[in-house]
Amino acid sequence: MEKFGFSISKGRQIDYEANDRRVADFIYEREPSFRLCIECGGCSATCTTGNLTKFSLREIHILIKRGENDKVREDIKKCMLCGKCTLVCPRGVNTRNIVMLAKQAFIKSDEYAV
Amino acid sequence: MKQEGKRAIWSEYQKEIADDKFFYVRSCIRQNFFPGSEVAFLRIMRDVLKKDVYEHPCHTTCSGIGYHGDVVPVETAMTVVARQFALMTEAGYTNYVPSCITSFGLYTEILDTWHHFPEVEEKVRKQLKKATGREFRIPENLAHASDVIYKFRKEIFAQAKYKLINKETGEPLKVVDHIGCHYAKMFPSKGVGGAEYPYVLSGMVEEWGGETIDYPERRHCCGFGFRQYLVQANRGFSVACSKEKFESMKPFKPDMIITNCPGCPMFLDRWQYVINEMEGKRYGKNGEGIPVFTYEEVAGLVLGFDPWDLGLQMHQTDCEPVLKKMGIEYSPEDKYNTKICASVSENHNLINV
Amino acid sequence: MSKHVIVIGGGVAGLEAAGQLSKAGIEVSLIEKDSLTGGHLNNWYKLFPDRRHSSEVKAYLDGISLNDRIRLLTGTTVEKFHRNKSHFSIITDKGKELSADAVVVATGFDLFKSEKKEEYGYGIYDNVISSSDLEVMFRSGKIVLQNGTVPKTIGIVHCVGSRDEKAGNLYCSKLCCVTAVKQAIELREHLPASKVFCFYMDMRMGGAFYEELYREAQEEWAVNFIRGKVSEASETIDNKLVIKVEDTLAGRPLKMELDLLVLMAGMEMSEGGKKIATLSGLTTGQNRFFSAADPHYGSNRSNINGVFYAGTCTAPMNITETISHARAAVSDVMDYLKESN
Amino acid sequence: MQFDPFVIPFNIGLYFILIYVVVRSIIWFRDLSRPDKLRLQRGFFGIAFVQSLKEIFLESLIHRKILKTNLRLGYMHMSLAFGWFLLILFGTIEADIFGAKHLNAPYKAIFFRFFNPEHGRIGFEAAYGFLMDLILAFVLSGLFLAVSKRLWSGVVGMKKTTRLKTTDKIALTSLWLIFPSRLLAESFTCGAYNSGSFLTGSLGSWLASFLPAQQLAYPFWCLYSLSLGTFFVLLPVTRYMHIPTELFLIFMRNSGIRTGDKTGSFSEVETYSCSSCGICIDACQLNFSAGITNIQSAYLMKAIRNNDDVSEIAHNCLLCGRCDQKCPVGIELSPIRMIQRRLDEPGNDFKNIYKGYFRTRQTTLQEKPITSVNYDFLPGTNPEKADVLFFAGCMTHLTPAIKNSMVKILDASGVNYSFIDEQGGVCCGRPLMLAGQDKEARELINYNSQMIWKSGAHTLVTSCPICYKVFKESYYLDVEVLHHTEFIKKLVDEGTLKLNFLRKRVVYHAPCELGRGSGVYDAPKELLKHVSRLEKNKFEDENSLCCGGSLANMKISSQKRNKIAQDAAAELTKDYPDILATACPLCKKTFSSATDAHVADISEIVAEALIEPGIKKNIIKQNSTIKELVKI
């Protein structure tokens, strides 16, 4: 390969078809309230972790749904499962279970390369 | 795809294009990228179509590159453009034909601005007068050079030696038409066919026997993007843009790409080479690239000009597959033999100093 | 001597107004351009938010408007409009002259012409349809693509021709969001194997039980909602549609392949309404709808004494609001007739 | 007659089950940890052995605890267990006394009547026969209840009964057949030989009056033997394994062995000791309020025994502890559930599972070295020095009324305190633990511990029972951990805090984590008595309800949570108290949206009852200034 002094940039676009959305399906199947999120951000606002570091449960929800798993994989470990998000959620989304299921799904995907 | 739907849109976006007496202004970068194209335009207009095309030796850059690269303020750009119009006025022409898409976009933008803000025009007039002593009239007709070729597509076809048809199979060549962003995206009504489904190149391709391809990333920029290319570290974005287009057009198995912008053929051509070097990927058939042409080159080929006179040897993605498909006679050994371009007649000096 | 009122437009508002006027003992002439009364109702499948069949509302309107006090002039348009003090006369395209003591304008709305949003390729790509096309499909019970196959992934674009300066409409059509949600549910009902995505700028579920329907769509019908305005659609080689949108809540552009794209066409001042405005000198607003004499307490009154508005010729309204507005118009008409006695 | 081939099924079954139980007990013993082995050895030769025998008699045979909870259900269990035991005991004695020789093979006792058809016509023999018939009738009465329970659980006063798997059904059928076939076999024999007492004799002679008793007896003896044999052979793969296992459990428990936080012999013995009596199902609010009927402890035990995926079941529980309190076998149900939750985490444990009759060792996911630190973004700790730390906790931050009341009380008390998470602290770690994520929890525990250490405080007060439990149990702190109710009580007892009496009727709801979870029942109630009129209610102390908000349940929907909260609040507010008092921010928040009654944390009530709040602090300050002035 010739040295051109640059490399081909990777796009920021979410390629819905190309993305692996099995983590999302895993959660949808086990926690139907995952569908109820309206992205209001109440969870992120009350979140201890979110107030200390760049962590947004709202964003995590949406990224999982789009299959942008790599961005979530590490971030989700920052959750303390304290449950404040569940208490403030206006839609009754079972946020803690979603975090737990996502963690589980990632472990499984590591193991079996979902 | 419903063709009648497209035709309905095309019929809505028609523009007036002058018939003769063109004041032709060259592009800064085309002369370096693919100098054969502008030469071919002049040859077609003058020798084939017998039109009056005037070139002024004192024409300068329109400053569009600087304007879009954020280094030239708009008022400066306007004054430079006003000077070009003054040259046209002085030469006694009223039909302004830029070779460059960005120039065309800039002229359109400036004319529209002056239309809505006459006081700006007045100010520019004063500035021009003060700086150069020149005065100008607004062109009666502003058309991009591709508009002009589009207008005479039938006349060109009447004298065609070749068609955009695969000689062996009899099938029309599949052509990707790529329109420069500044052609109609800013002012859809100023482009033939509008911004969403431009017809200017499709019209030529259809007329000359080919078939255009409508692929998902048709509207996407080639990636030139001025700042993206000019800064080396940003060139990755530029290649990525082209790559996105190639990936998207690949399933349609295009035979060639036709463009009407200075930058697009350069980058669609060069980035195929770069992508191949970096990733070993090719997007054409049989591990070849997809040949990229300017519309003048395609018109020249259709009219039977010698490929090397058109400067096709300047392309990094080999154009021979298309030449073979069209059944064009050419001598491979002459490809890189420098010779005086036969088309440049003594009567038509490139620069009328 | 009984009074006579002309109602222009035989849609929901016109029928309701005519019906209520006739109940009050007024002689009514009802002018309708189509051969059938009912307006858009004739094209709709089920109504939001309770999803009852539109024919039930049609039946009600027929019930109150079919009586011998109402002279029905279908297939008729207004060609001339005169006012002489408190007397109005209208000449129809058939040369008939009608005179009346008051006029109710109920010219309704037209749906935004989706082909105007060229980037979505309505009329160009095989499987880009409008919300009203989909209603027709629901009515026929057959939801298929151009090639006769059943769509698996369906996208619904909100705000087509609404809240869009490029489309010339700054206002919100108000009902496209709930229509989108309703149609998304119906799509999932008809095609349980399908996936449905709604692309919205804002979810404007202001009406009674709209938000509940939205929730139901998410919870029970697994409809996906993505916030972002679709910027363009294009066709792939295997006849699918590729859309580009920014998933604004993820802050990233998104590309998705769909089998079918449904455009939620907004509501615009009807062509018929525009014509009446020109003929009569009724004023229209920046949104091109008729402008009411007072936005708070005079939404049925016009700039011409004796001419009243009913329904969506003044602004986007749902059926409930349209019927209420028409009744309010009748109340204004009655007051006017009493005073002008 | 000494032998007949029909006894073979019984013999096979009996010897199989005896050997099987012995082998399994040996394996269980072998797998115990070393300390537990020592405990068991010591227990076997100590007082624990006697205690165990007593417990076996009272619980395994008499079923005292079930009797206490539910008389009819208790009688059913007792008549079957104790009755059968008596039948075996007295049958063996009968065979020994009246048989041809002493020390007979077991079948001789079981089928005594077959081998001695004419026995028991007169005198002592007849009296003994009467006793045997009486015991049989006792067992049959229990059986009648058991059958009825299956058909209609209400017969024994149960709302729900457990669902069965196929092998359980076969075993159940053979169990049901044992005693009726014995009755009929004995009756036919007695009828043919004109022997037997009031039951077998009467039934026998009546049957013989219209049936060929002589010919019919043998098939029923075969059926009797076959039912027994089948039952014994199937025992290890059915819930009836609880019969022998429970004996072992009682010994282990009396020797001081506890469940712990990992799977092991003890948790396994506990799992197999569950008789699926269903008492836990009736106690469970998820059942009677939320209509969730497949996750209760009996089902969890069954699912573990069946080697099913228990993840969903394990996490769908409020961990309120009501079932632990009520389990007649004394199984530590919540700790076992917690073990299952931890098993979801990678590399945490392995499961020992019996697949059918044999044990398979199934390892869970491979353990991976935990290299990444999850919470490395937490800021450095630099707490204020203070004597008393107040840790409000996450939930308290969402119920600011509690927070403000506590600040008011602390200010009024004049203690040198620091509100350590005033600006929002870091989670205590308990929610992670409840989710089975102990390693992650440990990170937070370390973080908070460091902060607490650095403060130099001697007392840590928290408003949240969830925090309280984890501070008490899982933090290694050199401070006294107090729930705010305990702390306020102390202040009141010391006389530091003076409170008015509010003329209000209050009902107290004991939070799960504080009450059943940490055993704090009295402090909140006494405090309430001090400031108000505390009213009695049906659900007090160990029998308290859960508010439904529990963080322990990962799976339940918000609608079902609300239903539980509404039902519980309705029970508690039946007599329209002025205040529904609780001592947990989460209970308060959950109840607030579930009832129109006024819900308040005890701290709020106390703050309201404060005598001239804020004055005291000033006095102290003034006093100290005066003292200092005097010094100068």
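Order as written gives the chain letters A, B, C and D; numbering starts at 1 within each chain.
Rule of thumb we're sticking to: a contact is a pair of C-beta atoms (placed from the backbone, for glycine too) under 8 Å apart; a residue touches a chain by one contact, two chains touch by 3 or more.
Since the structure is predicted, the reported quantities are computational estimates derived from the model, not experimental observations.
Undergrad: Following contacts chain by chain, what is the lowest number of steps it takes to reach chain D starting at chain B?
TA: Minimum number of steps from chain B to chain D: 2.
Undergrad: Taking CA centroids for every chain, report which one is farthest away from chain D.
TA: In terms of C-alpha centroids, the chain at the greatest distance from chain D is B.
Undergrad: Could you name the chain whose Cα mean is nearest to the mean of all protein Cα atoms here?
TA: When every chain is reduced to its C-alpha mean, the one closest to the whole-protein mean is A.
Undergrad: Go through A-C and A-B and name the pair with more C-beta contacts between its chains.
TA: More contacting C-beta pairs are found at A-C.
Undergrad: Starting from the mean Cα coordinates of chain A and chain C, work out the distance between those two points in Å.
TA: 40
Undergrad: If you average the CA atoms of chain B and of chain C, how many Å lie between those two points?
TA: 45
Undergrad: In whole angstrom, what separates the CA-based centres of chain C and chain D?
TA: 63
Undergrad: Which parts of chain B, given as residue numbers and ranges, touch two or more other chains?
TA: Touching at least two other chains: none.
Undergrad: Where in chain A do residues touch at least two different other chains?
TA: Residues 33 of chain A each touch two or more of the other chains.
Undergrad: What are the touching chain pairs in this one?
TA: Taking the chains two at a time, the touching pairs are A-B, A-C, A-D, B-C.
Undergrad: Please give the residue numbers of chain B that touch chain C in the complex, ascending.
TA: 1-2, 5-6, 8-9, 194-197, 214-219, 251-252
Undergrad: Mind pulling up the chain A residues that touch chain B in the complex?
TA: Chain A residues touching chain B: 1-2, 4-11.
Undergrad: If we count contacts the way the header does, which residues on chain C are in touch with chain A in the complex?
TA: It is residues 203, 215, 218-219, 222, 224-225, 227, 247, 249-257 of chain C that touch chain A.
Undergrad: Note which residues of chain A are touching chain D in the complex, please.
TA: Where chain A meets chain D, its residues are 30-31, 33, 46, 48-49, 51-53, 74, 77-78, 80-84, 86-89, 92, 94, 96-97, 100, 103-104, 107, 111.
Undergrad: Which part of chain A faces chain C closely enough to touch in the complex?
TA: Chain A residues touching chain C: 12-17, 28, 32-33, 35-36, 38-39, 58-59, 62-63, 65-66, 68, 91.
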